[in-house]
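Following this message is one structure expressed as structure tokens.
Chain naming follows the written order as A, B, C and D, and within any one chain the residues start at number 1.
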Amino acid sequence: MNPIEDIQARADSRRIAIDKVGIKDILHPVRVQDKNGGEQHTVARFDMYVNLPHDFKGTHMSRFVEILNGHDREISIASFPVMLQEMLQRLEAESGYIDMRFPYFVEKAAPVSGVRSLLDYQVGFIGEIDAQGCRTKVKIVVPVTSLCPCSKEISERGAHNQRSHVSVTVATSQFIWIEDLIALVEAEASSPIYGLLKRPDEKYVTEYAYDHPKFVEDMVRDVAARLDAEPRIGAYTVESENFESIHNHSAYALVERRKPTL
Amino acid sequence: MNPIEDIQARADSRRIAIDKVGIKDILHPVRVQDKNGGEQHTVARFDMYVNLPHDFKGTHMSRFVEILNGHDREISIASFPVMLQEMLQRLEAESGYIDMRFPYFVEKAAPVSGVRSLLDYQVGFIGEIDAQGCRTKVKIVVPVTSLCPCSKEISERGAHNQRSHVSVTVATSQFIWIEDLIALVEAEASSPIYGLLKRPDEKYVTEYAYDHPKFVEDMVRDVAARLDAEPRIGAYTVESENFESIHNHSAYALVERRKPTL
Amino acid sequence: MNPIEDIQARADSRRIAIDKVGIKDILHPVRVQDKNGGEQHTVARFDMYVNLPHDFKGTHMSRFVEILNGHDREISIASFPVMLQEMLQRLEAESGYIDMRFPYFVEKAAPVSGVRSLLDYQVGFIGEIDAQGCRTKVKIVVPVTSLCPCSKEISERGAHNQRSHVSVTVATSQFIWIEDLIALVEAEASSPIYGLLKRPDEKYVTEYAYDHPKFVEDMVRDVAARLDAEPRIGAYTVESENFESIHNHSAYALVERRKPTL
Amino acid sequence: MNPIEDIQARADSRRIAIDKVGIKDILHPVRVQDKNGGEQHTVARFDMYVNLPHDFKGTHMSRFVEILNGHDREISIASFPVMLQEMLQRLEAESGYIDMRFPYFVEKAAPVSGVRSLLDYQVGFIGEIDAQGCRTKVKIVVPVTSLCPCSKEISERGAHNQRSHVSVTVATSQFIWIEDLIALVEAEASSPIYGLLKRPDEKYVTEYAYDHPKFVEDMVRDVAARLDAEPRIGAYTVESENFESIHNHSAYALVERRKPTL
């Protein structure tokens, strides 16, 4: 025996192919192009998998980590399709899958005072590659305010509202800025939220939310209608989770749509 | 206007049907029948959703909670299909979905000393109902020891090992005890794990794991082979996540299978 | 050498005593006496530690697990001080520490309709024992609605509100029901929350919260004032975390108090 | 009434001072100086609190966010004491507290092949300020391999090992590089861990861990001994949590020390 034999390369006779094998939950610094022309630095959590035909005993785990470390110290988001290709080749696989997710910051201006502050969003890229090509999905989680129409209508004063997470996962045929996807969602919330609000801003968002009540069903429908109208977007999923202020559980809704043209 | 009008029952003109709407992450006490004839009490986290046709504005969130609270204080797992039916009727829906997950305890005997202790497993029931009927899946997460065959073979002494989570999700046409599914998985691990081990037991599991090295690929394949051989099980997914002791990330593999006969 | 020597019992010469050593994050079923005379079954997560004098090499980890498994299958909360004593003796230690935490359910009646449903609270018992005796603290986390007084006052309509977690940790010289501690906190919230609310209830809690606006500072002060007035309670900590509906961060406040008489 | 009165500045008559009030869990990009001369970009989670005397009704939450957003887009870690000062002044408080925590990357060379890869560590800065001055603590969480001496000694082959988190929190009178603290901890582990290991490296770390078995008690004592010997370090806490590969719970130990000279 070679003292350090490559056991993973041995043949396997169980005749069971593996759909996905690789590494999960590895952190790596990344940089992402801003819509405003800059580049932002953040930290991403990666899952990287390939398929394994039934006649191979194992994959080479260290090669996934080599791919992550083979780029600049910070991986550019532009390298995402390159990494998918590279993974297929270096792992000698037929299909590959990368999921990366990271906090992303947008500088927002408060609605009245205009004071500027950062707000963080969770963003993910999910890529799949095989003989048919490479398909990428983008996922964003947008924290917003939701205000309950029922509570407003039946109450003489006030209306319960809460933080909600609206998640949108889209397959795109063309490039879309993360900022544009976020803006699309925020336009349909009872109110967008902000890192920093002065008193006139707080008055504004309070009244704005009161004037734009939405059920969890409205939120996903209204976002879905916008995604339907956006030609660059193919299949999509919209979810909303409202962390109800009057309960200890969430209200939740999901719309999934596969557009005929894509 | 009726002061407390039922806004959710209004018509909706956006023409967007909702795939899932309901409540998420609500806790409720449950009781589950043990294989050994007893009943165990635990606490489950529920998601409960129905579809909503395009022409209805909203669902009735409170009815989901009523269903949870309409049984005994502790919901029996035997009520799971009943709850699915009940949800369809009370929400006047065409399809329904319930996901419940809970810690489940099995009393195990240590392999040499025979000392007994409880070990906790995560268990889930996922049920879907529609005009075609009711389909239930069971998911178990089994913590085990995995020991790396490569590390063992190339090293003169020792071998890195770690805790792993082997997850099995199965569609079943007949009843299967949770304990039997767990045993099926544990039989394929480098070693089962235990709450309580005396020194002779610790010696035993250490040597046993060293004598049964398994890659993450082996783990999912060997469990898949057993599930293939079990006629009561239809489609299944097997995953293994190894919390590598020599890395800060996991090794991961997944096999998904839809048996022809089911 | 005895093949299975007790290495942990060897002498240690580093002269460094260990403040806490033991097991962490072990799950076990428990049962807790209800205020209404029943007993509820739940699942607790335990940390169990003892001190280790500088001249002992190691503690006996398996004995902690034996203590957990040495009672009935379900540990009664009444056994908590017994377990502390037992731990001291079996581990031959001078000081001991147990932290157990579990979901606890209270059946509540909706404020108008009176419909009954369970609400879950996180409860913890923290016990310390040494030559001076045994000291126990109870911790409860109460989810409530908070409504912002500033938002209400400056806005012509509506007021932002959200789910908040009010945590109270108390040292008690006498027995206090968990239900009583919860009620004490809920009385000071903008509104208590419920599992199940019908429309007249939703109207009620919306208006009630609007009529009882509280800053995070008010919440901790008002709960603190009640704890000050309760003779059975000694030292305490009150925290409130408001998951702001207009921000992506929490507002937080804490009051810690050591009453002179205890 | 001024339409947008500053309610928080009103007087309060409850006579209860608040120990900590502010914002919790807000994300912001930061940059940290590397030991190797570069600067790394990461994302931190902040808690920022001040005290509130009994006669003030509320603090000004938006000012905390202004402080975070008032520096460069990325906050330099060098600004940490500046932010503490600024917080005291802008909030007109007597005491202040900031906790920030972030993933930090160190490029490590594998022990035999020398291949380089990043490893992530959790790092935190905890600062307190009051009339007596400013005190800062640094906390690092170092993932390592631990291998059980008992399992090794009693078993004819192999030894159970697992990933462990060794956490060190130190008060320092002088500057210490994060990299130096990490190295101090890793030197006492059964083995350091790495992002990327080639086969000769895997052989090396496997044998190295087997040759350096450590109980959880050894780990905290050996790190404590090193911290005792480091004159730049004052009070400290060392914890180790071993995610046992043969159990479903952790082994844990803690040593806390307040050096006489500081």
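Here are some notes:
Here is the rule we go by: contacts are C-beta pairs under 8 Å (C-beta built on N, C-alpha and C of every residue); 3 or more make two chains touch, one makes a residue touch a chain.
For reference, the UniProt names are A, B, C, D = GTP cyclohydrolase FolE2.
Quick caveat: nothing in here was measured; it's all calculated off a predicted structure.
Summarising the inter-chain layout, the chain whose CA centre lies farthest from the centre of chain A is C. At the interface between chain A and chain B, two copies of one sequence, more than half of the residue numbers in use appear on both sides, so the contact is built from largely the same positions.
The distance from the centre of chain A to the centre of chain D, each centre being the mean of the chain's C-alpha atoms, comes to 28 Å.
Remark: chain A and chain B have CA centroids separated by 25 Å (rounded to whole angstrom). Look at where the CA atoms of chain B average out and do the same for chain D: the two points lie 35 Å apart. In chain D, 4, 26-27, 65, 120, 150, 154, 195, 197, 199, 203, 248-249 are the positions where the chain touches two or more neighbouring chains simultaneously.
Looking at the complex, you find that chain D touches chain B at residues 119-120, 143, 145, 147, 150-152, 154-163, 191, 193-195, 197, 199, 202-203, 205-207, 209-211, 243-249. Remark: chain B residues 1, 3-5, 7-8, 12, 14, 16-27, 47, 49, 52, 57-59, 61, 65, 149-150, 153-154, 215-218, 220-222, 224-225, 241, 248-256 touch chain A in the complex.
Against chain A, the residues of chain D that register as touching in their complex are 4, 6, 26-29, 31, 40-43, 62, 65-66, 68-69, 73-74, 103, 105, 107, 115-118, 120, 195-200, 203.
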